[in-house]
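Listed next: structures, encoded as structure tokens.
In what comes next, chain A is part of two complexes: it sits with chain B in the first one and with chain C in the second one.
Moving on, here comes the complex of A and B:
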């Protein structure tokens, strides 16, 4: 047998996907990292509804006291949770959030420029004719 | 997504060019994930995924940002840890004080209880001694009673023995048997008597008289037969 690297075993704060078909709903849970996604957690810290409601809001509920406690106990966060907590203000904004926003801005600018160019060409064509 | 999947037990028939039919494993398209036993599809044998393009400028930026992010996160974690430790220390201090108070209270209560226990023990011992005395008295009384009973029984038995011995003197033995028989044979008992209301025996006048009356009766009977 080849020597295997030691498997990490620690507490995770991560999403557990509930809800049903075409209706995702997440619980924010503290759980051992090797457990299944929807296994029984140590504690549920809150919920996250990724579907925007009628007011275009994605609702999040977090028990910050317990979250602080578990973080102090050495629980690690998954990337989506880190992003969410960055937006919530407990953590600094996640770098990937910055990058995504940058990309979105860039895409929007490109689209705008394209539209502008198209409009200009249309205008010049119409004037030439 | 669709792929080729062989269904295990079903076999279709394939018609050969010379008209013979041969069983062949049925291969059909089924929606789902490719099972392990199916080989790579023909079109994908030499397929290599294009690596995701990475913008070097963005990558460098991301790298530095990640470094900063991780540092900050570590700092936050450390802060939370110290906060937690402080909180726990306070709680521990409080709990230690509470423990001390509890121990003192417990000792006070324990003292009271032991006092009460000793008092009760004294009372109970007295009671027990009294009961023991009573029990012994009762046992003694029972013993005396038993002795009396036994003595009485002995006396009764002795009386019986004496009586029986006395009785046995008049028993008929083999030696005296003949004389006794003789005596019994010679004995004449007359039951021809009356008893008045007070239970006194009224004997008949004489045995002779009864004999004459019997003779009279016989004569009367003979006369009646003659008639």
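Moving on, here comes the complex of A and C:
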């Protein structure tokens, strides 16, 4: 039998998607890498609700004490978790957060410029006619 | 409806440093320099002596404290007990009632939280909504919990008191507390309730709904105490947990005249004396405190008369009340002899 390289099987801190149709809800869990997304985890560290509530807030709850314990045990974080913890202030802000923000700003600026140009052409047409 | 659930998470343990100094001076303590408006009432309220005086004034009618209980229909249960066992049961009942008589702390309004942890203007455009991060570590008290907010413009700041109240109610709900403040605490509805003399109901609901340093709690309770003062219905609050806070409110804002009159008319002269003593402890710079430092007479009636002459704002009525009480005692003495 050929010797295969060892498959990655480490602890991950990642989201497990629960909720229902058109209503996502994530549990932040510590789980073996190769397990199913919603398999029974080693521990649930918190929740992340991606839908804003009546006060336009997205609620995130994290058990920081246990999070630090699992990080010390060598657990790795998935990218969305890293971004979220960057926003929380525990990790440094993820570079993709900065890049996404910049891209969004650029898109918004372009859209505004387009709208402004369209408004100007309309105005000039109406004054001309 | 059973009495609202008792909250154990008061500010007691966090805020006080119990002084074990035995006070030899009966009436006076070291003077404080700040003005009345900025003075913090909590350290004064939490003094052992003040607490004892307030508890004595509140009284302990066990039937009233227990309150009417809705109990499901069932057959009566009988127990055969010795005298000692009966006493034990009575003692445990008393202890349970004493626990229910815990006074809500009398605090000044909390300062708004303005701490900013980090500014990241480069995150502008990432999100249109705020993120609220809560630390759900086991064993952390609600007041010490870390709640931070990441605004859409990238600022990471500590959550305001209103946000904290909401978050604590989501993740560690208090039984009986509603998520949104009930409309009964709005001005019009509150006035309507107070007109119908529902003082205990309002105070109980306020105690469950708000933290003691919430400006809303202070507004509601102060308004209720004012209404009670106008209506002179102090008896409604006797043997409840609110009497102590009410008495301390009047003492703090120097409005104890009508309460004194009520006590004297009901022949609770020891309570009246306690109230004057509380006044001296709270306002050691006042005229009455200075007077009583020099006077050695500890006769209750003379103390009340001194108060009436020196400090009272409704002198006439108070004098009348004291005279009425003296006549009553005299007539009783002549009747007995």
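Throughout what follows, the second predicted complex is superposed on the first by the 125 of 129 C-alpha atoms of A that agree within 3 Å, B and C clash if a C-alpha of one lies under 4 Å from a C-alpha of the other, contacts with A are read in each partner's own complex, and residues count from 1 in each chain.
Just so we're on the same page, a residue touches a chain if its C-beta (ideal position, glycine included) is under 8 Å from a C-beta of that chain, and two chains touch if they have at least 3 such contacts.
All figures in this text were calculated on a predicted structure; none of them were measured in a lab.
Once chain A is used to superpose the two complexes, chain B occupies space next to chain C without a clash. In the superposition on chain A, the chain among chain B and chain C reaching more residues of chain A is C.
Of the two partner chains placed by superposition, only chain B is touched by A:95; chain C is not.
Shared-chain residue A:61: touches chain C; no touch with chain B.
By the document's definition of touching, neither partner reaches A:123: not chain B, not chain C. Contacts of A:72 after superposition: chain B is touched, whereas chain C is not reached. In the superposition on chain A, no contact is made by A:10 with either chain B or chain C. Per the superposed model, the minimal spacing between any CA atom of chain B and any CA atom of chain C is 13 Å.
Touched by chain B in one complex and by chain C in the other are residues 98, 102 of chain A. The touching residues of chain B, when paired with chain A in their complex, are 58, 61-62, 65-66, 68-69, 72-73, 76-77, 80-81, 83-85. Across the complex, chain A meets chain B through its residues 68-69, 71-73, 82, 90-92, 94-96, 98-99, 102.
Listing the residues of chain C that touch chain A in their complex gives 117-118, 120, 122-138, 146, 148-150, 156, 166-167, 170-171. Against chain C, in their complex, chain A makes its touches with residues 46, 52, 55-66, 84, 87-89, 93, 97-98, 100-102, 104-105, 108.
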